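These are the structures, in structure tokens.
There are two complexes below, and they share chain A, which is joined by chain B in the first and by chain C in the second.
Showing the complex of A and B:
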């Protein structure tokens, strides 16, 4: 049975914060396929296109028939634990300070044998469910879980080291006026968040979410992502205790280029959606990166909420999507810049939301509850890319199949 | 299968060990040079006259044996590199013996050596193989300890062996090491100390593990007339085998490639395990020695624990095993760990082992095991050698 985590004691300012260390980060090109699958929560392995043999470890030719084509395919994540060990000493600093560490040898029902991390609730030589997860080097690794859920399962030290679980963590929503801010705050608190803070720009203006957030116990703090000093000021106060940052700030108006006379709105979009993210990263990033090994409530994740059309634009919100495409590109840079700390950047892509700005669009749309659920489950799964709702998942699939065709279809839909 | 040619006329001589050190400020080049120098001195041969060289080393980077020829001022007409870790000794012997038979070289020096700097073991682990990088070390970074812990766990489960069964091997080898002035481990070890030792990766504890160190080993391969001319005691090669990545279908390694070739080994040597005076196994962990004792045919699969229970594995015992203390007590000097048993076996059957000499040692079995590429050792090899004894 997993011992439930207890809230971290109040931080002693005289005690040194442990420096972040990393599990081994280097991988071959083929092995990055594991990481790509782990980033979206799939369990995929290479499968020979000619003979169907499932391969592991990742390689460049089929180990049965030498076939050259080894596409990544979703595989049944079930297997049997053949042998296990509890590693009690390691020359690697990351594992050394996390000993003991349980690893095992699992035979997959699909064939290959994998050496993997083993959850504490897995019984000796029993059936297991395998999960591909990102470790703190940001690389895909396999974790064996018990086939049925167990009590406090997420508190297992190995699972917790890979997830970005909000349980017992302190979370900042950067803009309390996001229409879904109350839903997000509520879901995070239900998932066990220790505290939720929410930023509020221009406090003299009405905030329709103030009462709902207040009722949840969310602390509302002044934060204007277009104002460097405001961002720095809140980072000075909260930067050292923000474990998860969810960037809910956005500037959203419909239209592409021709629907507008001039670039004023586009400037505002860039100021909030792109430069706002950069200001937040500059102010909160270093503090969060320095606290990724800080015990139970270590800094763990940075969440960006992006329209799925940041990946491939559609003209109805063409200018907004373009600014978010810039934010997406910046998030990829942040991933590389945060990498050595283990701070994970999770991008949550969604289609149109069930809210005023998307009012003219037809369903399906993403509700506040669905978006909040996707944030929580994405954090619990330690994901890097989450596609929330039917529109986002559909476009992601179309982009996987043929990006140019997807662009052409979006063009046609816009003209219909 | 074609009947393999014998090794008639080829001999092994000038076994050389440069005393190991836990850490060394010297390089692999230095260690290899010293072992080579020792062997050539024994044979009264000038380096420039050496026409064959076989090298095994993990820490020569960025050099290869090619660079080593210039570094050491050698001009061989036959050059080999054996990247097979714990199997490199027997494999080097196999290749060199055939080259001598064919006349491609007159005298081949087989050398293995590695240095051990502070932190070099960690760096070696991290870049050992692609599968280890991708699918081994990200999992707890226990290195070989974790791999062998998994095999040991499974072995104990399948065959009912206990930690004490493995412990008897470590304890007997320590006893042997106390007679070897060059062994790194100098204190006696009791079975109780073995059982009470600090756990490393369950069920493996401290005295199941080898100590990485710096060191080098060498021997010469030549025609028998050459050895007689130089007045060198020599050993003959009766049989050898080699196999890589055997038993792919086994989900976890409980046997090695020896099992596929063992009949050939004993046929070729025209003897049986009962005829062997001493055994040198590759002992990076006791479970691997156990595997070899079974797979070489000394007892049935899974029966080694029972078999060893009434055997005395020390130098003066009825089943002398790893007589120099092996890697478990003498230290693991990188690729030289693949030579330690073979070089000691040559000393034994030529009666030159000194304080570790087994009385009446005429026939030795030597086996090698190497390269944990991912979840198992891939290279296996074995040889039977004979000499005039002490």
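Showing the complex of A and C:
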């Protein structure tokens, strides 16, 4: 039984906030395959193309036949706990602060034995479900979980240290006018968020979500991501209380370069989608990075909502996608800039949404509830990249197979 | 000749002539006109630090500004509207500077606007005003006082499902002011020279349409018109000299008689 987490007590203003520390971060190029799989929530290991052996730990050659071709393949995440122990002392500052820490070895059904972190609810010599998760160094590690859900399972200290769980955390949605803001707020509150705040640009205009958010108990605060002073003002107020930031601000209009005439709309898109992210990062980033070791409601994640066509453009929303491609590139820089703090940047990619601006497009489209679910499950899984909905998952798969072919297909679709 | 200028300077110094500011502060939160979202939009006022006595520039602080020609208290030139696109000297950089200083009259519609968000300035109201203050002289600025500038936030645009609601002139009032009174320009305390529901007149946006078609000027987002006398004040409204500009944010000042000493 996991002890349930209790809400964090009010902060003692005389006690220094602990600085973030990290588990060991260096990995070989081969081992980064584990991290890449963990970042998207897959359980994958090297599988020899020559002899079919599944191998762990990752190496540059097959441990059975010395074959060099070792593609990463999804394998069954099940196995049996062989041995386990609880570490009570360590020279590593990160683990010293988190003792005791349970580790063990697991015989995978797919073959190899892996050394892994072990959830507190796993019984000795029992069946386990393995998850590849990112640790606070942003590296892929394996965590053994009980095969069935247990009470307060997510509150286990090892799982909590790796996830970005919204439970008991305070969350800022940067724009309450996003058509899905009420759905996102509701899902986060149902997942146990301690508080949800939502930014409101241009309070002199009606806000169609104001009543729905108010009914959920969301605090609406002035925030306009195109106004540096506004972003700084709210960061001054809430920067130290924002544990998860979900950037719902966006400026979305259809059309590519030729449909537009001039750069006015493109400038607005860049101002919100790219520079808005930069302003938010400059104002909220340092405060959040300084609070990643601040107890139960530590700062944990930064969520960007991006169109999947930021990865490969499609001309029907060509200018918008281009601005979001810039945001995607900035998010990669932010990952590196936030890395030493352990603050995780989760990019959620989706296809067209079920809302006004995508109204003429055919289904499938992503609903507010589906997007909200994907945010919550992505945070609970501690993911870096989430592909929400059929369009996003399909394009991601095509990009894995052959990016140039994916580009050509999108070009044909645009001309059809 | 220069004697009167010297006297004016001295009367400003003594308070016999007062200088009144009719301008809103350029503020990122100040409303701008809103069009349907598929149209291009008016840029809000924004200010980004270049440096502030720091590593970006140790001894100085300065900002880059971004805004529209039609952000904040601003001047509309004839070329702003399609009816005025072929008017000679229709851009702000071409307008004769003499027109930037001149007489102004103020028609007080504050009570009507307080009772009705869609209050209309009509020819009847203008002629009734003239019966008390005399006929509007030619080449004069006419300002419509509504005290709308005392509103802020959502109450300023007063946006509803069917669009914004704020007072303004009828097409007949604009024709009367231009054809019968030959005014220099027309100014309001609301976000535009037209009423919030001005799109539903014929022609749509009659103040813009008739003023600029006749080569006249507009001023909007003025504030504090309650400080002005109905007649006898002088308006100073010089737009920035923007090449090909259709309008400009500006500092609008009025000279009014001071307290008798």
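Following the convention adopted for this analysis, the second predicted complex is superposed on the first by the 416 of 416 C-alpha atoms of A that agree within 3 Å, B and C clash if a C-alpha of one lies under 4 Å from a C-alpha of the other, contacts with A are read in each partner's own complex, and residues count from 1 in each chain.
Throughout what follows, a residue touches a chain if its C-beta (ideal position, glycine included) is under 8 Å from a C-beta of that chain, and two chains touch if they have at least 3 such contacts.
Keep in mind that this is a model prediction, so the values were computed, not measured.
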Partner chain in contact with A:6 - chain B first, chain C second, else both or neither: neither
Chain B versus chain C as contact partner of A:412, first or second or both or neither: neither
Touched partner set for A:401, first chain B, second chain C, both or neither: neither
Partner chain(s) touched by A:24 [first = chain B, second = chain C, both, neither]: first
Which superposed partner A:141 touches (first chain B, second chain C, both, neither): first
Contacting residues of chain A [partner chain B, same complex]: 23-24, 26-28, 30-31, 34, 56-58, 63, 82-92, 94-95, 101-105, 107, 113-117, 125, 135, 137, 139, 141
Of all residues in chain C, those that touch chain A in their complex: 28-29, 31, 34, 37-38, 40-41, 44, 46-49, 152-154, 156-157, 159-160
Parts of chain B lying in touch with chain A, wherever the complex brings them together: 121-122, 125-126, 130-131, 133-143, 145-147, 149-151, 153-154, 157, 198-204, 248, 251-252, 374-375
Interface residues, chain A side, partner chain C - complex: 202-206, 224, 226-230, 253, 262, 264-265, 268
